[in-house]
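What follows is a group of structures, each given as structure tokens.
Okay, so chain A shows up in both of these, paired with chain B first and chain C after.
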Partner chain A sequence: MLKTAIAALGLGMAMGMSLASPVLAADAPSEIKLGTLYASSGRYASISMPVHAGLKLWVEQKNAEGGVYVKAFDKKIPIKLIAYDDQSNTATASTLYNQLITQDKVDLFVADSGSVLTAPAVTIARDHKMFLFDQTGTGGSFFSKDNPYIALMSDPVSTIWPKPIADFLTKDGPALGIKRVAILYSTNEFTGTQANSLRKFIKDANAPIEIVYDQGVPTETTNYTVILNNIRAAKPDAVIHLGYAPNDIAFLRNVQDVGIKFNMLFCIYPGLETELLEKNVGAKGLQHVFTYVPPSEMAYPVNFGMNIADYRKAWDKKYSDGKIEFGFNAVAGYTTALVIEKTLSVATSLDQMELRKAVFSLSGKLKTLDGTFALDETGGQIGELTPLGQLELNDHGHIKFVAVYPHEVATGKPVYPRP
Partner chain B sequence: MPSFVRHLLLIVAPLIAAFAILPGVYDNHLLLFNFVIFLILAQGVNIIYGFTGYLPFGYVGFFGAGAYGFAIMVMHFQTPAPLAVLVAGVVGVLLGLLLTPLLRLSGAYFAIANLAAALAVLHFVANPALESITKGPYGVALNGTFNPTLAYVGAVIILALTLGIVVFLRNSSFGMALQAVREDAVSAAMAGVNVVKMRVIAWLASALVAGLAGGVFAWYVSVFYPDNVFSNDFSIFAIVFALFGGVATIMGPIVGVLILYGVYNLIGFTTPQYFQLIYGVLIMALVLFLPAGLVSLATRRGWNVP
Partner chain C sequence: MLAYPLIAGVLFGLYFSLLGIGLNLVFGVMRIVNLAHGDFLMLGAFVAFGVFYLLGLDPLLAVPLAFVLFVIVGIVLYGLLVPRLQQSRDPEMLSIILFFGLSQVIEALVTIAFGTSERSIPSRELGSLMTAAAKALGAKPEGGPVDILGQSFPAAWVISAVVSVIAIGLVYVYLYRTRLGTLTRAVMSRRDEAFATGINVDRVCAAAFGIGLGLAAIAGVFAPFMFGSVTPAFGADATVTAFVIVVLGSLGNPLGTALGGVVYGICYMLVQTFLSSWADLLPYVLLILVLLLRPSGLLGRKVRVA
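On to the complex of A and B.
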């Protein structure tokens, strides 16, 4: 009995001492394991690979400097990137996400790109109480007050993407002569949610704007000629097309083929993946098209990490073969990396809830090349907004961006109606 | 011992016991769950293709419909998850009934029509006009029913049921009659087999197990989009696994899933950069040298494969 009591006392003292003593650098792991997925093939490869390349660039850069500073151990520790290829297959992604957590025992859990491939990670992260660094999965259903294990790093949630378009249409539009708007969207979460939000923003504004055409089409749609004629028949002043890159390519090609000139035409991906669109549609086909202005064109002031010019140089050096396009997604992957780096520099341990606390502590303070990182209480990204811009040709016939809304970031006036 | 009982005791019971025990010794439960799901789907393909000759390229339609049947019951009627899984099975059967006219087609025509039907169901579910019912393209989040452990148990029970159906088909005059219909429908009809009735029953049984699998999948993953549960990868994998092992047997699809899905994950974990190369070579080798599946290695030697 006495022996048991002494043993218990000894154990208690030992535990107390271990809790009271600071974490020593000697206790530090030899590497921080960062687990993620990418899609080298399939439907989501075009968005996944640039994001992954951005993340990988950061890992190599930091490891060349001896690692990232980890406050919990007060020293630099190398990052070990564990990345599996899910090939755009969600069932495979589920298994691989689970592999990262249960077998590889990663310290940092990072999702693949886009909502469809992020969806399996949301449940798995919650199940295993791992904090999910959601790169570009903007789905509104991921974020709820009862799920603390997620935050969106590099894109605003889908619901607030089209705010600048709606504000431009309702505030500047009537003066320009825009009164009738057509909305065409692909029926998937990313673009369908934007269509819903755009519709709501326009209605809530009570501006003299009428939605004269509002149609969803399957994401697989590749021929828009009949749809274009229907839109033309509705006589809109502005046409807002919300689709993925392949949709935009097909749509803009069909616009050229049919020979229609809408006074205002908006598409998402000429701004987000300009190089890809220019290759497939041609600079002429993108002239005067309204789009989102990516961070690569805004040169946001940064207080952490490389600015856009330096990042572009580093990207061109590492990916000099040009196989992976530099664009919005390339910036997104690097932005995720910067949030992770900053998180490790303020988190007092690698406990998942401590990581969450550290991520949320950056909200509104961290300014990267992607803009200001800001989270709402559910982990949804409400910063990093993308202004509305218009593509024009410079003197050499190359594409250039002109930001037109909001006015405080505008770099020029909109060309309306399209000549 | 009757072969029916022997197959249950020597094949079904050990497999079910293995999948009941494995979560205790291996942490990647989702991998085990996916094995169970593909075993169910491969056996579902076996029921309709192996025993009747109809190749269902759009088999995922039943799976996705089941998943959304589960989601709708949980979202709108707050149905307990096990009951919602049963409803998912019923949804699969109802869709099967709706698509029964497809059985008038055969060969490639049936396969293509079935694929088109699955796409039609996908676009119906993902239609923004149905947002209030299915959440359209915006995805569902079923946080209230999230329980991976129970969902796994549910999947293993459905696997047992599916294997039970296949064992029955393998050992009953009903299964023999189906195979007779597959080989020559006219001769089978002249021998007194009700061809239409037989095909419809096999079709609905196949739809039932896919619907149940979809329901339990929705229960496990709880957050998904139409693209997740209507992904044609499910159909392709289930068909390839069944063909790899050998259809119209109990063991064939089991061997196919365990080997091929095992290799699939092994490559994915170790050498993802060579994924398509290794997997592609493996499937090409199968098509060229073992078109009747792995079990043909045994049947060629005159061995009886259950």
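On to the complex of A and C.
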């Protein structure tokens, strides 16, 4: 009787364990399919390729170690990267995103870089009930309470990203003499949202700041000379230019060419893709420009993955030809990869809602080279914030970052007005 | 408020003329649409990068180098592609497909060789050998802006406008003051009759094709200064802009392109000033307007029966 009871108990425990453990290792797939897009040409190539290269670096590194640990199967499984080239074309991207889901039947669905090329993926992911690992698409409209199929991996959502600029302008600005602000932005989801948020933050602050110029230009704009003349006519104390890397290059070169000196000038990409901007605009053209301070300058402590110094070494080793610049986007691709790796290590199945649950469980706990990964309820990234900084020249004439706001992370005082 | 965009429009428009004139010359003589025009322009920019970054010379010296280089490339390419194309039933239509393919190949090869990132040259380096000449134009030292009627403009704009005027002038001299130019106009006017009178049409066309590509390459030398930076994907946008300018001036009339470029430049700068968000639409709006109101272009009639 006792033997029977023990046997029954043993059988019951074994059955219970088998039910509790998600799937037997024997049922594990031979590979985890990660599907994504990249732009090898076109307007977004310079921001897409570094992100993709960061992701690829991780895939190769992990596969060399036998794969990533997948809790759902309690074993390491190699990653199969399925990546197509959308050539910076949103129509092509839509077709390829669909192909990844319906033909390739990927397990993990990862967007291309930037809001413009992420936008088609947001709708497609939602329609197919696939969870979207949104790498750097920060557009505010992507995130809503009724869409559980998205989370932003590597950049702050655009609705909060410009907060440090607005706070600096409204809190420190008046004392410095900043009263008139000009906002010029490229009309796309990424910078359009940032412009809207900046405008709202400034107005809500009720500070003595007047927006004297507020215009959007097409993202494809490559010449700003006439626009600069119009901005100059508005006599602003601070000019905030929100555009992609090619916009910033053209804008800053035109500022130099026309010989205009604004007292304060902010651009996004001198901070995010400093190497690229320095190569095209020159160190002198970037001197005194305000920008976001990227994680590479903050050297955040990590609790998962490589730190910034080790990642830089790995990057230089793999991409030694220098065709892809190391910058914020290179960090973003690797950050996405780390979130995916950690997600697979905690998710009990590859069900898309389980993946979502796993991603959200990392919020506030995962610390990577990009800072603290933190999500709001809609999947928008609210960690990984970039302070406001200013670019100055070091003794060797090279660019260095000076964080100026918020005060608790400041490493120096802002140079205002620009000499 | 109006003076600045108008002057900027003329300066930039002259550059736009240079952008389109090669495309028009090729179409005018051969009736083929070179959709790889912008890619040759991009290659011209890479010649400038080579001259500056590898040889350490003034990028302006890339102008003659790029021209000669791409005249040769054009003549070789003509021999390889165009005679077969002309034998087809519909060379105009097939040329679109052929040169679209060529455009893709060029972009892919340059991407493989140089990567996808933006590239440029410091503006002050353009015309560094001509600092004295620039000073005479009113420029400040070290490539500073140039004052025109009390307004400041980038020195690169003025230099590129001057080179554009010279290039357009030389095209005029070639067409109207040389024997080869006379033969070229004969082919432009009536290809069959030119052939029947014993003109070596292939030789004339090869020269025109080479010159067309050479002019595109010259425009490319200035592209990093006019558009901020250049990537291997730059060609597609440049081709669209060049095409609009050519249609605006008149398809088949290289000199109409000069007028088309200036009109386009002025319109672009005025739209940027007063309706900046809509500036992107300008090429297509102009294209529709021209096709609706004056399909032959601003200088259309004279050419077709030249």
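One rule holds for everything that comes next: the second predicted complex is superposed on the first by the 397 of 419 C-alpha atoms of A that agree within 3 Å, B and C clash if a C-alpha of one lies under 4 Å from a C-alpha of the other, contacts with A are read in each partner's own complex, and residues count from 1 in each chain.
Operating definition for what follows: a contact is a pair of C-beta atoms (placed from the backbone, for glycine too) under 8 Å apart; a residue touches a chain by one contact, two chains touch by 3 or more.
Note that this is a predicted model, so its numbers are computed, not measured.
> Following superposition onto chain A, is the placement of chain B relative to chain C best described as a clash or a fit?
Clash.
> Please indicate which partner A:Asn230 is in contact with in the superposed arrangement: first for chain B, second for chain C, both, or neither.
The answer is second: A:Asn230 touches chain C but not chain B.
> Just chain B (first), just chain C (second), both, or neither: which does A:Val239 touch?
neither
> Taking the superposition on A as described, I'd like to know which of chain B and chain C A:Ile249 touches: first, second, both or neither.
second
> On the A-aligned overlay, A:Met306 touches which partner chain: chain B = first, chain C = second, or both, or neither?
The answer is neither, since A:Met306 touches no partner chain.
> Who does A:Leu276 touch here: chain B (first), chain C (second), both, or neither?
A:Leu276 contacts chain C only, not chain B.
> Pick one for A:Ser141: touches chain B only (first), chain C only (second), both, or neither.
A:Ser141 sits against chain B, while chain C stays out of touch.
> I'd like to know which partner A:Pro218 touches here: chain B for first, chain C for second, both or neither.
Once the two structures are laid over each other on A, A:Pro218 reaches both partners.
> Quick one: is A:Val331 in contact with chain B, with chain C, with both, or with neither? Answer first, second, both or neither.
The answer is neither, since A:Val331 touches no partner chain.
> Looking at the overlay, what does A:Gly259 touch: chain B (first), chain C (second), both, or neither?
Second partner only, chain C.
> Which residues of chain A are in contact with chain B in one complex and with chain C in the other?
Touching chain B and chain C on chain A: residues 40-41, 87, 187, 216, 218.
> For the complex, give me every residue of chain B touching chain A.
Result: residues 27-31, 34, 37, 123, 126-128, 135-141, 143, 146, 148, 220-225, 227-228, 231, 233-234, 237, 264-265, 268-269, 272-273, 275-276 of chain B touch chain A.
> Can you name the residues of chain C that touch chain A in the complex?
Residue positions touching the partner: 1, 4-5, 8, 12, 107-108, 111, 114-120, 122-123, 140, 144-145, 151-157, 226-229, 231-233, 237, 269, 272-273, 276-277, 279-280.
> Which part of chain A faces chain B closely enough to touch in the complex?
For this pair, the touching residues of chain A are 40-41, 84-85, 87, 89-92, 94-99, 102-103, 115-116, 119-120, 122-124, 126-127, 139-142, 144, 146-147, 187-189, 192-193, 195-196, 216, 218.
> So in the complex, which bits of chain A are touching chain C?
39-43, 45-46, 49, 87-88, 187, 215-218, 220-223, 225-227, 229-230, 233, 245-246, 249-251, 253-254, 256-259, 276, 279-280, 282, 321-325
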